[in-house]
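This report refers to the structure that appears directly beneath it.
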Amino acid sequence: MNDADLAVIAAEPDPDWELLASPPSDHATPDKAALHLDLNGWEGPLDLLLDLARRQKVDLRTISILDLVDQYLAYIDRAGMMRLELAADYLVMAAWLAYLKSLLLLPHDPLVEPSPEELALRLQLRLQRLAAMRESGARLMARDRLGRDVFARGAPEGLRVDKRHRWTCEWFDLVAAYGQVKARSQPVVHMVRERPVMTLESALARVSALLGVALDWLDLRAFLPARSEAGFADPQLRRSALASSFVAALELAKQGKAEMRQAEPFAPLMLRAAR
Amino acid sequence: MPGELVRAVEAALFAATEPMTPQAIGAHLGGADVREALAEIAAHYEGRGIELVERGGRWHFQTAGDLAHLLRPEREDQRKLSRAATECLAIIAYHEPVSRAEIEAIRGVQTARGTLDVLMEAGWVRVAGRREVPGRPVIFATTPDFLAHFGLESRRDLPGIEDLRAAGLLDPVDDAFAALVDGDLTAAKDHATEAVEDAE
Amino acid sequence: MPGELVRAVEAALFAATEPMTPQAIGAHLGGADVREALAEIAAHYEGRGIELVERGGRWHFQTAGDLAHLLRPEREDQRKLSRAATECLAIIAYHEPVSRAEIEAIRGVQTARGTLDVLMEAGWVRVAGRREVPGRPVIFATTPDFLAHFGLESRRDLPGIEDLRAAGLLDPVDDAFAALVDGDLTAAKDHATEAVEDAE
């Protein structure tokens, strides 16, 4: 717990009130008590009412609501005389109590709902509940409290479970790990396999040479070297030749030396010299 | 001579830094059922300077309450809970779970921002969920630490709680009023009327 | 029933945060002579789970020594050696004795501080002295427990490099993967070639 916070809360002054007189003494008669104007530390109108009710020195169930109303209004009047800024909720309570008093004093009007007795009873019930909780709080605080009146062990050894790991490892994992380490640390040589390709340059030369002699539209595949030519039986080289020739055709079209057309996607790609 | 289990439970609770449930003690001691041992130890310590107590289902050793005057630290470093905080704590303990609005309905004033924080920081109050009503307000309840600190075995041991309940003082005003109107409103009215008559 | 003084001494010692001399206890309790009370309490607790002991003139409560194993039980859990630890262990086994720097040179990565600790905790690796080179680094070797755990008669039973190569364990992971993928790739390539040829 944070000491500072408790201290702050405990000492927190109520900004709406200031201490004008000594705190009410328990020995004061109700009349004398009514002259006290201890407005410091009330926690709202209900709190003030409860304290006034207590000073009637009777069971809260039998308090005189009218007396209570009078005492409350007297307090508020007196505060007014002393030009105290009164918090709004105290004034609201004063107005309500004045109204209740008038209802209680006037001949009973059955049309007024709720009846003044009912209002008075509700106020009484509220005061009883606040009083009950205030007393309970005090009784709670007066109990033997751990750390104040009773004490836990000053220096407990503490309970804890010591965890022990039993490590496991499989023989295979051990050997495989060594293999991985060795493999990882071996010098690595990168070799690029030589692959049969037809370069773009040779494709360009071949396609433009053939375009010069062709008279009309020709399928691009007609420009590829025949299988009988050296090495061109190799399917990999044929694919390379197809790709290179296609790029060569695009290049020639870009240079304005060739025209290309295709009837539909994936239809044969037709090629001829630019006219 | 105490049995092995009794000795072990005694030592475990003695060494523990926090109150322990019988389950926790048992788990620590290899799954034993320690409830009988706890009863035996509690009986053994009766009347000694130390006692074994149960607070909210958890057990711990503490010094006997009547020795407080001898053991209280000389340095009177007493942190006193403010009246507002004390009231809030009482209301939460006697009514739990309870919303801030319900606390305020009883106290008749707004609760300052820090008041509930102080109680939660002390470890005595916790947020216990939300009430399933419009706005879903947070509701508060007390903790096992609260019971341990105030020496309560359970909430049933809250001072006077049975009397308060019997008197309807833990019911909201509306309920109490309705009950009175149904039942002995006449009696209550008589009081009120008497009071009026007295004043007249 | 213990006397008041005995109860007070008992409570004071229980709540004390450190061992206390009889004088200090007495001073706390209004100047009483507490030596008899201490003797009475010590006798009372004999054979229980708690005992009152004197150490160097100061008294304190402690849990009975024979219960220590209950208050601090050991729980074993099985854990698989991490990959890094397995590699270290393998390197130590194949190259022992080796220093940490040599292990790192072989693994090609730094070895975390705890890795060797784990191997020593497992009882498989021990410090085997220092290498007589500048810096005198600690060198590590395997233990008989290591051989026992892996069912080896001696380190000579570890498979040799050639065995590892034959088992494919020396192939770098990437190559092994490429070999697998290549297999599939050939099939895929054949399809592609067919497609080109079909088109022709």
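The chains carry the letters A, B and C, assigned in the order they are written, with residues numbered from 1 in each.
Simple rule for what comes next: contacts are C-beta pairs under 8 Å (C-beta built on N, C-alpha and C of every residue); 3 or more make two chains touch, one makes a residue touch a chain.
Note that the coordinates shown come from a computational prediction; the quantities given were computed from them, not determined experimentally.
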| item | value |
| --- | --- |
| Longest centre-to-centre distance from chain C, chain (CA-based) | B |
| Two chains sharing the most contacts, counting C-beta pairs only | A-B |
| Distance between the centres, which are taken as Cα means, of chain C and chain A, whole angstrom | 39 |
| Chain A and chain B, separation of their C-alpha mean positions in angstrom | 32 |
| Rounded Å distance between chain B and chain C, as computed from the means of their C-alpha atoms | 45 |
| Two or more partner chains touched - positions in chain C | 11, 14-15, 61, 63, 71, 73 |
| Shared-contact residues (touching 2 or more other chains) in chain A | 151-153, 157, 159, 161 |
| For the chain A and chain B complex, residues of the former touching the latter | 1-3, 5-10, 12, 41, 43-47, 61-67, 89, 104-105, 117-118, 120-122, 124-126, 128-130, 132-141, 143-153, 156-159, 161 |
| Chain C-facing residues of chain A, complex | 151-155, 157, 159-169, 171, 173-186, 188, 221, 235-236, 238-239, 242 |
| Residue numbers on chain B that touch chain C, as the complex places them | 1-2, 6-12, 14-15, 28-30, 47-50, 61, 63-64, 67, 70-71 |
| Footprint of chain A on chain B - complex, ascending | 12, 14-17, 28, 60-65, 68, 71-72, 78-87, 89-91, 93-94, 106-109, 112, 114-115, 117-118, 121-123, 148-152, 158-161, 164, 167, 169, 173, 176-177, 180, 185, 188-189, 191-193, 195-196, 198-200 |
